[in-house]
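Sharing a structure with you now.
Should a chain be cited, it is by its letter among A, B, C and D, assigned in written order, with residues numbered from 1 in that chain.
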Amino acid sequence: MTLKSMIAAAAFAALAGGAQADVKVGMITTLSGGGAGLGLDVRDGFLLALKQSGRDDIEMIIEDDQQKPDVAVQIADRMIQAEDVDVLTGIIWSNLAMAVVPGAVAQGKIYLSPNAGPSALAGKGCHPNYFNVAWQNDNLHEAAGAYANSAGYTNSFILAPNYPAGQDALTGYKRFYEGELSGEVYTKLGQTDYAAEIAQIRASGADSVFFFLPGGMGISFLKQYADSGVDIPLIGPAFSFDQGILQAVGDAALGVVNTSQWAKDLDNPANAAFVESFEAEYGRLPSLYASQGFDTGNLMISALDKAEVSDVEGFRAALKAADFASTRGDFAFGPNNHPIQDIYVREVIKEGDIYTNKTIGVAIENHADAYAAECGM
Amino acid sequence: MTDPVLEVRGVSKSFGALIASNDINLDLYPGEIHALIGPNGAGKSTLIKQISGGLRPDSGRVHFAGRDVTDLSTAARARLGMGRTFQISSLAMDYTVLQNAVLGALGHRGDVFRFFRPAMTDPELLDRARDSLETVGLEEFHAVRTSELSHGQRRQLEVAVALTLSPKVFLMDEPMAGLGGEGSHRLMGFLDGLRSQAPILLVEHDMDAVFALADRISVLVYGEIIATGTVGEIRENPEVRSAYLGEEDA
Amino acid sequence: MSSILLIEQALNGLQFGVMLFLMAAGLTLIFGVMGLINLAHGSLFMIGAFAAATVAAATGSFLLALAASLAAAAVAGVIVEVVVIRRLYDRDHLDQVLATFALILIFSEGTRWVFGSFPLFLDRPDWLSGSVMLPFGIRYSLYRLAIILVGLAVAAALFLMISRTRIGIQIRAGENDREMIGALGVNISLLYTLVFALGAALAGFAGALIGAIQSVQVGMGEPVLILAFVVIVIGGIGSIKGAFIGSILVGMTDTLGRSLLPALFGLFMDPAAATSVGASLASMSIYILMAGVLLFRPKGLFGGT
Amino acid sequence: MRRETILNFSLLGLLFLFPLWAWVADEPFLITLATRAVIFAIAGVGLNLALGFGGLVSFGHALFFGLGGYAMGILAHHAQTYVPMFTWPFVIEGTTSMPIIWLTAIAVSALVALGVGALSLRTSGVYFIMITLAFAQMFYYFAISWSAYGGEDGLSIYVRNEFPGLNTMDPIQFYAICYVILLVMLFFVFRLSRSSFGLMLGAARQNEDRVQALGQVPYRMYLTAFVISGAITGLAGALFADLNRFVSPVMFDWHTSGEIMIFVILGGVGRVLGPVAGAALFILLEHSLGGVSDYWHIYLGAILLGVVLFARGGLFGLIAGREVAHD
């Protein structure tokens, strides 16, 4: 070891010339491939928060995970081992989060999730270093179930892709929904044609359809659903009605009700300022993901204002206090470091030439997730 | 009289309307060279394929070394001792001459599923391979890549590989094709001596070679054997003369 | 399940199959004539959809958009053929797989570079929206019905072209014996480019038709590509007839599998588990079909012996 | 010494010295990167056996890579949750012992390769390419929907599995394990390529008629090569899962098959160390191009295309020239 430490010391002496930023933040997110839109929004929202804070002691390292778990793990390893970052964030997809987060927090890093909220990390796998600033995966589906009750639906047809997030979605909906099910269908992940499912919906006699089909799957489903002429009302989580993809769905999405913890027109000063500044900065309307990135950035800054990042206990306490102006209004962390927040009901409308969402009510107030009790923290 | 090593009994094969083999009977006795001649398209290659196992006859049987092999695969017939050379050279072109010969020795020994011991340093395989290369006169080319051999050398190598198998019969599909005068002459001399090791069923176009070498000749025309006999008998056979030799002379 | 629903599902399967045929026909032609395995065929599908979306957004005309998809994909096909594919004809399949795999990377990322990361908008035209009443009280989407009819028309046109026209004769000659068409005095290089462009145009056309009821996004061609390969392997590579039969088989198996299997498992399992198991099996069904076909006919249904 | 031999030894030397340097310079991430390259190389060595020596263009080797990964994931998952895998007819517990996991990965991959190969090898050419792809897709969709083991989310294990006497969480020690396995596999494949089997397999690739005329059945040679090939790639999958401490259906994805194929071709088909050069080059490209542009796939594609079109024989072909027949 002595040889190693001698050479290492020499190498360090040579490298230590430049000034070091006080806080290093590693962002692993999806910037290439089909899912890049979400990652770009999270990144831009986060960077906007950083810019508005005016702090210049935060160094950002941003890497593209290509939506591949092994690449994400590799980047995380590098950020932790070579770059020695203090905080990690940015991951969009649950499967990537499951690959990266447990290892990262076990190595003493703070992880702030701007999007994914797999149940394993909310329940048994919770960790004091892991903070979810978006939602637990089930939340929006649970809210959809609650909305279905209040809207008087008693016979829902529900469908989602056959993978864990899809199974969680249907479970989440059923957790709050009190009526009957006229059908429950799992589709293939990445499926592009829903004719068979829509035919089943038509024949089912349901009074409402709940669907969770993220990304391109949702676009395909909505267009085909509108084309089929079936007029049973649709309910879905916000993911298929996001600013980025609504324009690709077009008229087919008009009037569809969806649940979200954020909306462009939420009436609070932080949100108004965010929407305006985001549009000014990037020339497009902010999406749900941008708002989550923005909130994540602001949460981190609020904690940095209170405590040094090297003071782990203090920094965690400062994060947990969630003392920042969230774009969603009230925001607090539950015992498992997952949000307790209102979840709203939105409806897709057309503003001029742009399709967007309008808030029409609250689905659940101060909603916490179902797994907090399993968390032994 | 001894029993034939190879017997073809009533073999027929047709492709749609084309009758390639029509009730063919043929046999091969120890120590003889039996030549199969016939004009192009007479069905010689089809017959060879049925004997070696590449094609299944529609009817009829093939007996070899005392058993019915009609239902056996090419590989199984080869293992029983059918040594074959191909009309179009069928060698491993990326291998050296020696490697091709060792391949034959390996096929003869049969223990192919060995994964660790290098084949090219196995003295038993090498001896056998070198012997046969020497017999055909290719020993000095042992390190040459097969694709770089001349046409005639490839024919020699084909024969050498067949030799390594120590077969009970040789099926040779036009071994002289494309050889120059000297090459043919040399190969003829060699085949002449080979018949004492194992009988040869020789498909050949080169009439001089056939008449010089063969003990018996069968003439195949339009899928039928029109005559079988000694060189003299075939020379005199009027049917053969009109159907075949007449054309050849013209 | 009611018989009306079953008929509707069969129609859906037919529509899916017809769409697959547009992809598979080009693939199988290109393989049959040039002996080339083209993984980048899905990229041409994507290019057709993006071209259609762009033109539709600019002009508002669906027909113009369709024309643009044909043109853009054909032009892309010609460029790719001349620059890259041409060098691959006498290579082995391995080189072809790899080079066209590289083309996928270039096309996908290049499209994202030009059009951004968000899906584009493309909708069916108003005159094809809504649904129609078919006999026996079946209500069916007009647009899907149109896809079936257009697809069948294209299939018929392809059969006619191959059996009746001069270029069709050349194509058939090329499938049988590549040297012979050279001897006939046909300009092989031109013929190859034409066949490739035709295949590309069909793929682009399919992309535009499907793009109107799906998401127009980067990578949209890949799932279809793999299905199209399954189709031509089942049908026998190089056979247009095989591609047609294979397409319908795969379309039907996939669609009916998705709707029937969960119900089937529901007969003896609890509903939630049946849905999940049935869906899993349905997603594997076409691959099982393919393995089954190859087990009995290693060269596909119409692949010769 | 022949240029290929020199290249072989420089490659192995580089893979020995580079991580050592990274360790001294305290750059653990570079060690991780090298580990990735070595594991990919092992996967490529496996495929090369089928593809390079047997001429079997398998577009489905992700299947074995994934199986190896899941063998590791499932065994470790059960060990960490103390839930036995089976309780009937006898109890099978999970394990965190690397050697047992490796053996399981090899056995499972070989078994599946036997089944898949027996069916697929009835076909040849493009049909073979496509049917192997289809089998891998089948497993991909199965893994996505198999919720007991995480489905699409995959399975995380929080610590690396154990190897007696070593601390596997230490990057350099884990690298050492992978490097030694690579050497063992290379030695095995090197010997195999020169063995009776290797000689006959190569002959079958060049000329099936010849092999039959020698009394051998090409199908059996191919199937054996395919099984060994799958087993080696499966072992690489288990190591890869351990490197990431995570396994997911992405390992079964057809892009993974394509990438393993790229390692082999980039390096040089049929060269024993071809996949090693290819994997190292791929990691290098991925790492350096990723920094150039978000759209780095375009450059990767262009480079690949260039290699296929203009540098036949890959890196080895470029540097060491045409393959020399060995005896």
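The criterion applied here is as follows: a contact is a pair of C-beta atoms (placed from the backbone, for glycine too) under 8 Å apart; a residue touches a chain by one contact, two chains touch by 3 or more.
The shown structure was predicted, so the numbers you read here are calculated from the model rather than taken from an experiment.
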Item to check | Identity of the chain that, by mean CA position, is farthest from chain D | outcome: B
Item to check | Centre-of-Cα separation between chain C and chain B, whole angstrom | outcome: 49
Checklist entry - Taking each chain's centre as the mean of its CA atoms, how far is chain C from chain D in angstrom? => result 32
Item to check | Rounded Å distance, chain B centre to chain D centre (Cα mean) | outcome: 44
Item to check | Rounded Å distance, chain A centre to chain C centre (Cα mean) | outcome: 35
Checklist outcome for this item: chain C residues touching 2+ other chains are 108-109, 112, 276, 279-280, 283
Checklist entry - Multi-chain contacts in chain D: which residues touch at least two other chains? => result 141, 144-145, 147, 295-297
Checklist entry - What is the shape of the graph in which nodes denote protein chains and edges denote touching chain pairs (line, ring, star, complete, other)? => result other
Item to check | Interchain contacts, given as pairs of chains that touch | outcome: A-C, A-D, B-D, C-D
Checklist entry - In their shared complex, at which residues does chain C touch chain A? => result 1-2, 4-5, 8-9, 12-13, 15-16, 108-109, 112, 116-121, 123-124, 129-131, 139, 141, 143-144, 210, 212-220, 223-224, 255-256, 258-259, 262, 271-272, 275-276, 278-280, 282-283
Item to check | Complex contact set, residues of chain A against chain D | outcome: 3-4, 7-8, 11-12, 31-32, 36, 63-64, 68-70, 73-74, 77-78, 81-82, 94-95, 98-99, 102-103, 106, 118, 120, 162-165, 167, 186, 188-189
Checklist entry - What residues on chain A touch chain C, complex-wise? => result 32-34, 36-37, 40, 162, 167, 184-190, 192-193, 195-197, 199-200, 202-203, 215-220, 223-224, 227-229, 244-245, 247-252
Item to check | Complex contact set, residues of chain B against chain D | outcome: 52-54, 73-76, 78-79, 83-84, 86, 90-96, 98-99, 102-104, 106-108, 110-120, 122, 143, 145, 161-162, 165
Checklist entry - Which residues of chain D touch chain A in their complex? => result 23-30, 32-33, 36, 141, 144-145, 147, 150-154, 156, 158, 171, 240, 244-246, 248, 250-251, 290, 294-297
